[in-house]
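Below, each structure is written out as structure tokens.
The two complexes that follow have chain A in common; it is paired with chain B in the first and with chain C in the second.
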Partner chain A sequence: MEERRYRSASGAPIALRCRQHSASCRELVVRCPRLQLRSLSAVTSAVWLAAYGLFVLSENSVVLSAAIFITLIGLIIYLHFVKIDQESLLVIGSLGIQVTSSYASGKESTTFIEMGQVKDVVINEAIHMQKVIYYLCILLQDPGDPQGISEVVPLFQSSKPRLDCLIEVYKSCQEILEQRKTAPQSS
Partner chain B sequence: MVLKVFFPSCCSSAESGILIGRWISEQNSAVILAVVHFPFIPLQVKQYLSEVQRVTKVNVSVLGSWSNSKQEKEESLSEFLEDLGTIFSHEPWIQISKEGDSKFWSCSTLQKHSNNPKEEEILLVYYDQRKVMLSHLHPSLDTATSADCKADNASKLSAIFDTVAKSKILFMTDRYDDGPIKLTHWQSDGVEASIIMELMKQASVPACMLLTFLLSLISGICRSRVLKFWPLSFLWSKLSTCEQLGHRLQHLQVISSNKKAQNQTQLMRKANIFVSLLIDVALGILLMSWLYRKNRIGHLADTLIPVADHIAEELQDLLQWLMGAPAGLKMNRALDQVLGRFFLYHIHLWISYIHLMSPFIEMILWYVGLSACLGLTVALCILSDIIALLTFHIYCFYVYGARLYCLKIYGLSSLWRLFRGKKWNVLRQRVDSCSYDLDQLFIGTLLFTILLFLLPTTALYYLVFTLLRLLVVIVQGLIHLLVGLIDSLPLYSIILRLCRSYRLAAGVKFRVLEQQDGKPLRLLMQINPLSYGSVVQIYRLPTYSCYPKDSWTSLCKKLFLGELIYPWKHKGEKQD
Partner chain C sequence: ENSPAPLPERAIYGFALFLGSWFGFMLYLIWAYVPETWLFSLGLTYWPQKYWAVALPAYLLVAIGIGYILLFGINMMSTAPLSSTHTITDNYAKKQQQKTFQEEAIPALRDIPISEVNRMFFLPEK
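== the complex of A and B ==
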């Protein structure tokens, strides 16, 4: 259970932790860069300076209390709905793949995809603004067409690891996914 | 291949015994439903299981043995348990044993006719039996809409949920019953029941019958021939209050029907309608009590006439402004005066009628306000109808202005074609060339000039009254939007998602518990509830609601040509 450091697509430091629970169960956790105190204080000071400027112009103290209120509410909304602390991938061979994102406020949002629906896990490339980034995604089987793909589920969207980290994750996943091809099963 | 054992967490502290449940061979998984304790007679166990199988249609059988020993493993017990495998033949025979207070259980299988001798990996998944039994798994929206969903493509998890949900009768015996078989499951400490629920169930049958009788009376009256004569039926179709009352009547009929709900969707719909009606009536009674306190209805009636007068005065000022030189534009004096005087006389008539009715307004309003006890939505619809009645003269002006403008536009376009020597062929629906006589051309050109120079005046009157009418339509539209929101919001589902989130499941989530080498992998299966957005989307109640039937481009086109716009379309009756 070692933790290795990598970089995200925008250069921020991220960490990957790989745990092997059993022969067919692996958990891969990518920890996103933490909320910086610097940026938090910068935003808060900017909002409060603007509010003070408005107060000096309008002589209405409601502006100041409104600014404090807005800052608090904005911070709570940001921590609960926007800032993702870590993203994890739990691959249980023969059951399925579980994708979890944990937010900074402790909220966890989970999706479980059954193994029967998973066609493959691949690394895709995409053009994002001015750069080309690589991302890992799960291809879902189309129930009607055995060769078709019904949906593409991208993983690690908030941490955006670079190719070296993605290759590690890809290799881990493929080792488990291969087991379902070698074992003869009727599911 | 991996063997998956779904073990109920309530049986973790049960005494030793044998495991009963369902074996799903396609998924190589065993769903354990209960533990049968010693002493038992194998024949009675088999009889009981076949009885359960007959009632629930679930293939329940003996799957293996469970040993919970406080001290170290006893050799004799383990041999005894293995011998049980020969009495209840099941392939594979699962043996789970727990020692002392250890968290890590050992689990092994016995294969008699095994062709692959290698040890297969065992996955132990704990699940909360009560929650899984009560929960309803919602398929994801894309799989639900695909045309050919074959049975084997159905989610594997739904098989597990179904198994537990259908085996309700297995959980009805608790350990205080004096039967031949002693079971441990989530209800073995005593069957749960609520006195209030039982009383409500008993009371609901006569209540439903009474309600059905009353509703049949009311719908009989509504359908009688007296109300179908032309002026009344026209009135009923135009008033939105009648639409809303009819809609609520339909809802009451759905609730009071004697048929039990067949599936989850129908049950949720009935519950949603019931809670929505309850909240509606409660809010209506609250509004009524607020209105009737301190004689607010009297104040409202007193301000109604001055408000109507004020609107009429504003309109008169507007018309005087139009008859002068509005916004610096120069109008055709004669036409201006004619139109202005015509509309002014109309307003004068309207004011006289309002003043005629003024002594009765308070009494009418008092009795109409009583109908707010039927629900907040009815009160809002009445408000919308009152606004429509008070601004009836604006509607009339809009119709006059639009008709005049429309006639003018059609006349102009037809004479323009004559000007160029063309004609509209009605048979072929196209423009054809046509040779006119000289006097036809002369009169046509004259009329065209007259109409063209009178166009700005008519267009201005049309513009002003259309804007006023659109304002009233927007206000009415907002009220109807609010009514539609109250009608269609599935309150019961939202409250259920808030308080008992495991009942509405979007899927499951797994948590890996502590591991020990050599012991099987332990997972905890929890229910992943639906998001609020999907709850509202799936359980929305259908409404009769009014959607704008024209897109923006066709609306603009109609406005330009002067055709009358009826922005709200009422949907027909929706069949469930």
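== the complex of A and C ==
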């Protein structure tokens, strides 16, 4: 259950923790770096300096109080809707896959995909912004066509681990997904 | 028959374009610099306003600058998102036919499914 350090696609340090709950149940948690004090103070100082400059030009003190409100509300919105603390993947062999994102304010958003819909978990590479990145994704089965893929669900979207971390997660998931092929009667 | 080698016809086209562009440039300079009264005395009263002699180049330069940003933006918009199936497969790969496997022959060219590729790359067989 130890934590291994890796890097994200943009170079930020992330940590991967793998917990085995039973023979067919595994939880993989990727922890993103916390909000840095220096970036928070940089943004706050920039906004307040701009507001002070506007105040000097317009002689209106509403600008200053508006800047304080904007900073506070912006910080709360950022922590609650944007900043992700950790992303976890829970693979239960015969049941399904659960993807959880926990935000910095404590909010958790969960998605569950049942095993009947899951075709495979693969590492795909695609163009994102101006880079080509590797990312882990769940391929969902097309109900009409056994070979077809109806949907692609990308995982670890905000931590974006690099290939070495993704290979570890991929191997863990494949060990559990292989069990459903060898023992179809038990599911 | 489509070689880029110089030909007499191409030389004539080039010279005609060269003369035409010099004529156009001289016409633009005359329109921009010669005072209106002189042009009126010559009988040329229906030429566009001299305002456009400055406005059109300015519009053109701004359009070129926006064009850079627009092209970059269009490229980014046409890139398939990470959740699209176009990153995995496409119509040609879905409709391909499986050719029969022959012993001691090189297998036919086909699009290999991503699950198989992943297994080969990332799960080393011992």
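One rule holds for everything that comes next: the second predicted complex is superposed on the first by the 185 of 187 C-alpha atoms of A that agree within 3 Å, B and C clash if a C-alpha of one lies under 4 Å from a C-alpha of the other, contacts with A are read in each partner's own complex, and residues count from 1 in each chain.
Assume a contact is a pair of C-beta atoms (placed from the backbone, for glycine too) under 8 Å apart; a residue touches a chain by one contact, two chains touch by 3 or more.
These numbers come from a predicted model, not from an experiment.
Aligning the shared chain A places chain B and chain C next to each other free of steric conflict.
Of the two partner chains placed by superposition, only chain B is touched by A:Phe112; chain C is not.
Looking at the shared chain after the overlay, A:Asn124 reaches chain C, while chain B stays out of its contact range.
When both complexes are overlaid on chain A, the residue A:Leu37 reaches neither chain B nor chain C. By the document's definition of touching, both partners, chain B and chain C, reach A:Glu151. Rounded to the nearest 10, the angle made at the CA centre of chain A by the CA centres of chain B and chain C in the overlaid structures is 80 degrees. With both structures placed on the common chain, the touch criterion links A:Val56 to neither chain B nor chain C. Contacts of A:Val132 after superposition: neither chain B nor chain C is touched. Per the superposed model, the minimal spacing between any CA atom of chain B and any CA atom of chain C is 15 Å. Chain A residues in contact with chain B (one complex) as well as with chain C (other complex) are 150-151. Against chain C, in their complex, chain A makes its touches with residues 119-120, 122-124, 126-129, 135, 137, 139, 147-154, 157, 167, 170-171, 174.
Taken in their complex, chain A has these residues touching chain B: 21-25, 27, 90, 92-95, 98, 100, 110-112, 114, 116, 143-144, 150-151, 183-187. Residues 76, 79-80, 82-85, 87-89, 94, 113-115, 118-119, 122-123 of chain C touch chain A in their complex. Note for the complex: chain B touches chain A at residues 1-2, 4, 26-28, 121, 123, 125, 142-143, 146-150, 153, 155-157, 507-510, 512, 515, 521, 523, 528.
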